[in-house]
Each structure stands twice: as structure tokens, then as C-alpha cells.
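The two complexes that follow have chain A in common; it is paired with chain B in the first and with chain C in the second.
Moving on, here comes the complex of A and B:
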């Protein structure tokens, strides 16, 4: 694609028309299949979702009426949806900085070390490739208040045991802990790739210019050069965190008393358990819109600050 | 693809029919939920059925993981060519079908048939009746029972041969078991997930969820408050911790919980989960009001979906077989559900011997006379109402509200969700 774009200005100004047509056709045939797929698999369902959100559709109901923006008004005034949005925001606010920070830390340590690099790399990456629903069951056991190893450990060192998933005060934190565990390895691998791409000579130059300590080298070379990677990692981590569902579904079902109610779970419940398709679609539209705005904002603002040259 | 397959298949079948004029085959497509509970049971029943009905062929649609998913599937496929002929729907979801006009009313079939002599008493028929429609025949039914760990009860100074018969006794014993220390839990009451176990307390006091005309909330009265106060006392006096449903069950399996109150439908799973680690016993639920007290019925019913008049007779016959004495004799030992047929437990060919040899299964059986239908709320917010009740129970168990506050919030929130 980029070759194509670069090649165009180089063409002589008197290039025959036919050649451009040919190029257009080539471009079309290259873009065509994916465009059709996107239309069928992404845009059409999204359009259907928007259309449904303007109706009072219910699974199994024989009639369907157009209700305009009523569903949106209901959703924005719905206590459950607001709690859910708040919980999701809190979850993202915990998981994103923690897993990005830890991922960067581990990547730096592995990059700096000389032995067992392959081992550590795979060890931290394991949670990413494991099936989260199955691993959630393992966490359920680890965090069990009466028979779980974590509480037994706390007991041994004389600390009071914690009701990880059963208490409405702790449950979101516990789920965030699992989320961090799952995301850190992924972030680490991305940072490793970013670190590998930094030109070694920059470090040598920095050293000659007086950056002797590791902290200085990190501050002056690594951190600025990691900018584009960091932007990508933060974005992907946030998106993954907003999409939290499996752990909630397997471990807490939104409870106790909505303390772990998150957006995807709320949408699932509304649509497939309460059978209110219209309302669920409105929730999904709001969800996607917020996500889009976040991503566009972040990319626009951050993009300006992380590109050099 | 599937239609192509079918037409090829149909073509081959027609060729076969020309070659050898055998009896025309009727194919019944059966859908069921929770394969973990019902896969073996369904296969046994269908194998036995086709033995005596060689003209019928039974095929299974892909089972759904839960009652909710099963209901969605049937609502989605209603009226389409993919729709199964019969499905097993949660008793508390039948009302949704009845109100949306999905599923076939069995009333005309039942009225022509002598149901009593086949073990389908009026009480059993009533479990699957909504708004004058017979939505199905109860297939697997359950009631809540009292599980206990006889080892822990003994250790705490209780008598495993004489388990508590009232809630006061339960709470006292629970405090003693909790006092054993080492993370031991006195009791766990399965209040999470749905309103079923709450209704056991409400019905136990003789209360109802709504007024007789279903226009107004009725659980705000003395019975509802007493039920909430009882849960409050389980926490305060019985030292019941706020756990997730899974954690509660796992702790019981691990021998860390003295007493557990849950459905008899989970009995086989519990026996397997405990696996001889301790002396597991069961008994009746503690009695609240001996005269007015009732217990809710859990489980599912076989519902007919096919609208093809020729097929309906065959499907009705299969439903009766599945819900009949033979069906019961497969379902009960395989799960722990109580028989949904009056003939099965009395006859040695079916379950007569089974109950003599398996005393753990008797607790549910002995409560069958006070079982009433699992209440489902009217209107399109029925399931949401259930969640609202559970959320308020969670706040009560966590001691964030008093029973009075929980009741007031429940009444206010549920009132908003009822049809106007």
C-alpha cells in the first residue's frame, strides 16, 4: 500500500489515462475482498444494532415497534447501567496503569539480564495464552475464603483472611488483580519488541554525552524512544480492560449486589437474560461510541507527542 | 448446507420407502439444557422409548448450558424450520413462553387423556400451568433440603441422628460449629443466583410474592419481613459469611461447612463432590409454619413446540413417557430430583427399592406434599425482579442494611418493575 502511494507522485505528468485506470482496478481488487468482509461482518451488524436500539425489540415477542430514542433515555437513567459504567471505569483505571507499569518493569529486567531470558519471557507470557475461563476457576480456588492458599498464607504470617470475591468491597479489586495478571505478560512482550527496536548507538552517544547511570539512560533514551510502543500498549490494555467479561461471568455474575457489574456483563444480561434486545442494543451502541471517542482522542493527542523526525 | 443435507436425506429415505414399504418414520427433535445433569438421562430415556416405538426416531439438538440459554434458543427459533419439537424449559421460565404465545398448550391433549391413572396428579399438572394454559409436563422437579456434615455436627456437640427441626435450633448449632475455629463455617444458605431459596423462607412462613391479582407486591408484609429477619439472624447468630455460591459449595465439599440449605437436585453432584471425605446426611428443611408452610418447586418441564398436527400426537406421547414413571426412575437416581410422577416411588419396578437403599434421597421425597410452583413474576421484567431481590439479599447478608431497609427497597424496586 505505502509503496503504491509513494510511487504515484513519481509518475510522469503525462502518464496515459489507461495506466491510472489499471492501477485503480488493481487497488480495487486488492481492497475489495476485505472491504466486502468488513461490510458484512462489521458494518452491517453495527447498523443492525443501531436499528434495533431504536425499537422495543424483545426476544420472542411477536411485535416490534419503533420507539426512537426512548431506549437511550432509559439506559442513561438506569441505575444498573450507571453502576456498571462506574465499575468498568474503576476497573480500567486499576488494570491499565498497573499492567503497563509491571509489563515495562519486567521487560526492562529481562532485557537487562543475561541468563534465562527465554524462560522468563515465556513464564510471564503464559497467562496470555491460557484460557481465561479455565484460569478463572484456578483463581477461584486460590482466592477461596475458607480453603484457598492465599488466605492460608495470610493466616501463616498472622494476617486476617480476606473475603476476596464474596465481599462487595473487595470483589472489583480481586477481579482487577486477575486482570493485571492476565494483561501484564502481553504488555511485557510488546515492550520487549519496542526495546529491541531502539538503536544501540543512541545509548553509546548518551553515555559519551555524560549519561552514566542506568536511570539517566532510561530517562534520556529508553523512555522517549518507547513513546510509540507505550501509546500502543496503553491503548490495547485499555481496550482489553474495558472488555472484561469472562472472569465476571465465571466468578461473580456481577455480584454481590452489583459490586462487580461491568458493561459487557450488563449488556449480556439485558439482552440474553432479561430478553430486552432494544435496550441491550442501545447499551452496546453507547459502549462502542465511548470506546471510539476514547481511542480517537488518545491516538490524536498522543500521536503528536510520540513521533520523532 | 443443512437443508441440502436434509433433502438428500429425505430423498434417500424415500428411495428406501419405495424399496421396502416400512412404517413411515416420525422424527422427534429433542432439545434440553444442562448436559452435565441431563445428557445420560436423556439418552437412556430415548433409547428405551424407541424400543417400544420403532416407528419413531429421536434426534437431539445441541444442548444449552443453562435454562436461560435454552429459553433464548427456543424464543429465537420459534416458528423457524430449525425449531426443535420438544424442549425442557425451567419451571420459572414457562410463564415467559405462555405470555409470548410460544409453545403449544397441552390442555386439549390432557383433557382427553386419563392423567390420574398414569400418575399425573392435578398437583403435578399445576406445576407447569400458567394462565389456564398447560405449558408442559413437569419432568424433573426438586425442593430445597437440609444437607449436613455429621462429623462437624458431632464435633460441635450436636446429635447427627436428630438434626435440628426448627431454625432456632439450626442457628444455635451453627454458632457452635463456627466456634470450632480453623475456618469452619456453621451454615450456608443458598440465597445467591435466584429468588428460589428466598421463596423457601417466604412460602415457609405462608407468604406470597404478590397479591392474588398479581397487581401489588405482597412480600412487604409480616411473612416477608420475618424471612429477611431470619436471614439476618443466620448472619448474626449463625455466623454465616457472605460467600459466592460456588465458594459456598466448594467449602461444603471440602468439609468446612456444618449445614447447607440447597436444592435436592444437587444431591448426586454433592455425593460425588464430597466423595466420602465426611459423613454426609440430609433431612427435611426446618419447619417454620407447620400448617401454612410450603416449599418451592425447582426443575423443568417438557414443552411441546411443533405445530405440525400429525407430529403433535407422537410428541405428546414421548413427553408423557419422559415425564412418566420410567423417566422418573432414570432422573431421580441420576440427579437427586424428586419424582414428578406419583406411580414411580411406590413401584419396585421403578423407584420403590431405590429409596429404601438410598436414604439420602428421602429428604426431598418426604417434602413432596408441600411443594408449590416456583413463582415467576408477570410481565417482561420477570427475570429482572429476581435479580433485584437477590441484590437486596446480598446487602442484607453483608450487613449493609437492616431487614426493614432491605424490605422497603425490595418493595419499591419490584413495584417499579411490575406491569402497569
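Moving on, here comes the complex of A and C:
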């Protein structure tokens, strides 16, 4: 804001000065409140977090000393954090393509069929509106090694039962399954909106041009026209996946043997269980930085490919 | 003009197809959009389908293209019944109302698309792999050459590598036209291709489309809501009104000899003046107690509507006047001028002449006169009433039928 005010005199004085001042003040009074709110609610906590990450702050300790980038060095060398980062990356790599793909598939099916459309729309959206902590208990029951219906079902068809959440080999996959269940409906609804916004006459043009099969129409019209939606859905899905926490918190607590240790869980433990505010802040800064890089990459690089206007 | 015919002489046209619509009807739920429309378009003919917005023109054209299917009736192209054949299998080219160019493809790719879809097999069209299948390269080269040729003919060769978003409305329109004609259509459909262009470009492109039709020779159905466009471009004009085809005839006939009152009102600008009259026991049409036309077989007491084209209405003194009127104002339009008048009951009516004729006219009482032969009279149902014993009209009627 002040930058703008300072830069003004340097501009060639085309318009009468008083007018410019007036417009400026109006602009300030309009932008002001929201700018102050953003400063207070978003930027200030971020700044505090960055500041804390440069100290050895511990909750309950009486002194705080500036330790520079020590916390970052510790974090990047910390085995738990590295496992956590790897697990999170794996979780994102499973959940994103699966829920985006399934969401698109369901959206296309719903769009193609006429009956039951409303039913499916709400059925698949259910996970989005249901409270994940409550649903997690349901999943715990479903995936229970002994009495869980999923294993019972496996037993009925003659397959060996699986230790879904209790084995370090399976736990991340099981969590990813729940993550996919959670995200697919949301992605589907976004895709439905995207499909609805496609200009119908393009399908007429495709038909006239000789696109006979559904595959041809999809390749020629649906897929390219869905580009902006796809970009948005992938971004949102990745961010949601990176932020996986509730299921870990309620079902596995990061275990067994750190096999479901994920970033937010690690940060939460470091900050609120071990009370190492400095280290937790450094982790959070790294976490946010990675998220930002992802978002910037997607909006800058991909945007150019999917918007044709 | 513009070397179009020459460029197209190189493209060997496919045999133009004859189009027959036979009692085609279509309803959406309760609303009947098309009501038993029958129309035959001869091979190579240019027919304009004209009517007010929402009368069913686009629906009818889509039915010919195979994008919509009739509830009743038949569509035949080149003698083959295609009523239930989908668009992709009809081999019909169409310029859609909004152009519907693929926004993610360049003009070149847009033009090539119908050729790629038709000339390459499904496997040849596979991404990456298709390229290496036998014959793909030769086909793609031929398609590229055809696209270049069409691009040159439409003078969009410099735009071929642009995407639609980077083009003006006129340029997009040409690309849409190119996409339709690049594959030598035997039947060419256009849905208001000029309605998004500004006035001067519209007049220019009108002439180009007529030239294009002459060069390609394809049977053409051209939809427009602009009666001037229809009259100026088409061999025959088909007037659609509320889903019913009212008259199909040459531009001159639909203007001079309309069969229905809706045709008379829709064709011509400014539109025809209509005066309500009552037939007396001697077969004369009476308005404000004065006989204004005679020789009608209608029953005494029947109400008729008497139509007078603006250019047939003469403004003079009171002595030779058929009807008294009031002149409100004159309007100078360049080559023409309009006189806005009011009949004794206050109903407005417009006269048209050269500006010299109206020079010095001032608002006030005037007399209106016309030649009885120029009147177009319609009965209460809107059908044309022709005076008996009128040799001129009888001849016209025979020619029409």
C-alpha cells in the first residue's frame, strides 16, 4: 500500500494530482479492511511461524534463543521427518490419480445416464459432507482384522484376510483407500460442474465432423474442454492429500512403526506433544513451502496449457 | 469476385445431392416446434430458410444434418432415406450458428479435423502410434494440402496457425466456413453464418458465400432471420413461421405474390402496411366508409386485411385521394426516404419513395392513393384473397403453382 503511494510522484502527471489522490484514498478505504484482516489472520501467523522456526522455543521453557537455521538442519536430518515426508509423498501419489480418475469416471457415467443421476450425485458427495472423524470410526470397524465386514467378505470368496491398519506394509495403502473414498465424491462434483459448462454445440460440431464413437468425442471435445477443471481438481486433490491428518490421528497414530507417519501428524507431535515449537515451526515452514511450490507450478505452468482464451 | 471461383475450380466437387423433407414434425414435450414440413431442394440449388427467431429454423436444419431426429416424416438425401441416420454418417457439412470451432485447436487443425476423421482409420488416428502405421503419412500430407488450398481460397492462409481466441469474429466465421467446405460437401447447411458480423462485413461476406456456392455447386440450405439476406442470396426462399412452412418460391414471388399474411409481413422492409376492411355486398373492400379495392368473392360482411407495400403508397392532395391520412414526419435514408403516416383511426402506416418526392412535405393532413393491382388482400384466416377477373394476378398465380 505505502509502496504504491510512494511511487506515485514518479509517475508522469497526466491526470490532475488531486483527482489521483482522491481515487487513491477511495481505493485504500476499499482495500484497507480486507488487507488489514489478511495481515492479521494470514501473514502475521506465517511471519510468527517463520520467526519461531529460527529459535529453539519450547513451550514451558523460560528462555528463547536465536539459533538461525539450526532447526532446519535438524529437521532435514531427522529420520522421522524424512520417513514422514516419504510417506506423505507416497500417499499423495496414490490418492491424487486414483480419486481424480475415479471422480472423472463417475462424473462421465452420471452425465451419460439420465436416471438415478440425482441419487448418485448425492451418494458420492456424502463423504464430503460427513464428518471424517466420525466416518473414521466406521472405517475402523470395516477394516477390523477379525470382525471387519471387509475381511469377512474376503473370507466368503475364499481370499485370505488382510491386516488393513495393523500391518506396516498395508497401513498406508489402507489410509490411501479411505483418502480416495473421501476425495472421489468431491472431485466428481467438480467434474460434473466442468462437464455441464462445456458448450453443447461443440459436440454437434464433432458429430458433423465425423466423430462417431464416445472415445472420439471424449478426445476431441470433453478432455480438452475439461482442462481448466482438471487442473483445479488435481490441485485441490493434491493439497487435500498432503494435508492428510484426521484418519492418521484417529486410526493409526502414525503407526505401526512409523509406517503411517505423515507430515501434519509429525508436526502436530513435535509441536503439541513434545512441545518443540522451534522444530515444529521449521517443519511447518518446509511443509508450506512445498505446498506453495506445487501450487505455483500448477497455476503457472499448467495454466498456459489448459486455457485457450 | 476475389478469385474465389478460380481457386475452387481445382477442387473436384462431389455430386451435389437432392434433399427432400417429407412431412417432418418435431415436438419438445407439449410444444410443437415443426409441423409437417415438406420441402424439396434440387441438386445444386441454394435455398434460404427464413423466419423470425424461434420459429424452428435451427431445429429443421439440425434434422437435415442428423443432429436431431423427427417425430414423424422422412428426410431423404440423394434419394436415400436417412431419417434415422446419425450426422456422422450422413456426409453433410454444416456451419453452426455459433461457429463451434474447437478452441484448443489452431485454424489449421480445425480445418483438418473433418478430413482426419473421415480419411484415417481409428487406428491411424491413435496418438503417437498412428503416425507410423502404413498410409498415415501420405494421408496426412494430402489433408495438409487440402487445408492449405481451402485456406487460400477463403483468404485465411495467414491465420492458419492461430487459435480461435486470437481471431476476430469475421475470421472465425471464415474458419467455420472452411471447416465445412474443406471436404467437398454434397449438401451444405449454414445456420445464420453472418448474424455475428457487423453490417459492412455482412454485405461483403454475403456476396462471397454466393460465389462460393457457384464455385462448389453444392446443394445449400441457408438459414437466416434476415429477410433481406434471404432475398438477396437464394434461388428460392422458404418462409417458416411457428414451425410451419408457409411458402417456398423465388425471392420475387414471395415478395410480390405472398400466399399468407405472415409472409407478406415478414418479407420486405419497412414491412407492409395492413388496413382492416369489410367486404360489402358488391364484393368491395370498405375502409372508413370508402371502397378501396373491389372484385372479391368473399361473403358480404367478412373482415379482410388489405396490405400495401410502402413503395406503392402515394402521398398526394385531397382530390384524388383514396384515403385521408396525417403525415407525422419524413425520414431521410439516403437513396430512399420514408414518410410516417397515420390513418383516420390513428393506425400508423409507412410510405417509401425517393427523397426528392418528399422534399418540402410538412406534417399535416394528406391524401393516400395507390394502384389497385398493387394491393395484397388477405382473409380473416390470413390466406390470400385474389380479386376475380384480374388478369395480372391470375397469371402470376399460374406461374407460382
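Here is the rule we use: the second predicted complex is superposed on the first by the 283 of 309 C-alpha atoms of A that agree within 3 Å, B and C clash if a C-alpha of one lies under 4 Å from a C-alpha of the other, contacts with A are read in each partner's own complex, and residues count from 1 in each chain.
Convention: a residue touches a chain if its C-beta (ideal position, glycine included) is under 8 Å from a C-beta of that chain, and two chains touch if they have at least 3 such contacts.
Owing to the predicted nature of the structure, the values given are computational and were not obtained by experimental measurement.
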When the two structures are superposed on chain A, do chain B and chain C clash or fit side by side? fit
Which partner, chain B or chain C, touches the larger number of chain A residues? B
A:165 in the overlay: touching chain B, chain C, both, or neither? Say first, second, both or neither. first
Answer with first, second, both or neither: which of chain B and chain C does A:146 touch in the superposed model? first
Please work out whether A:199 is in contact with chain B alone, chain C alone, both, or neither, and reply first, second, both or neither. second
Does chain B (first) or chain C (second) touch A:275, or do both, or does neither? first
Please work out whether A:58 is in contact with chain B alone, chain C alone, both, or neither, and reply first, second, both or neither. first
One more residue to check, A:24. First (chain B), second (chain C), both or neither? neither
Between chain B (first) and chain C (second), which does A:251 come into contact with in this model arrangement: first, second, both, or neither? first
Answer with first, second, both or neither: which of chain B and chain C does A:220 touch in the superposed model? second
In the overlay, chain B and chain C get no closer at Cα level (Å) than 47
Counting contacts the way the document defines them, which residues of chain A are shared by the two interfaces, the one with chain B and the one with chain C? none
If we count contacts the way the header does, which residues on chain A are in touch with chain B in the complex? 58-62, 140-141, 144-147, 151, 161, 163, 165-168, 251-253, 255-258, 269, 272-276
Show me the residue ranges of chain B that touch chain A in the complex, using the header's touch definition. 68-69, 72, 75-76, 78, 96-97, 100-102, 183, 185, 192-193, 241-244, 246-247, 250-251, 254, 256-257, 380-381, 383-384, 387, 390-392, 394-395, 397-398, 400
Listed in rising order, the residues of chain C that touch chain A in the complex are 62, 65-67, 86-89, 92-94, 96-98, 100-104, 113-114, 117-118, 122, 163-165, 179
Can you name the residues of chain A that touch chain C in the complex? 199, 201-202, 204-205, 207-213, 216, 220-221, 224-225, 227, 308-309
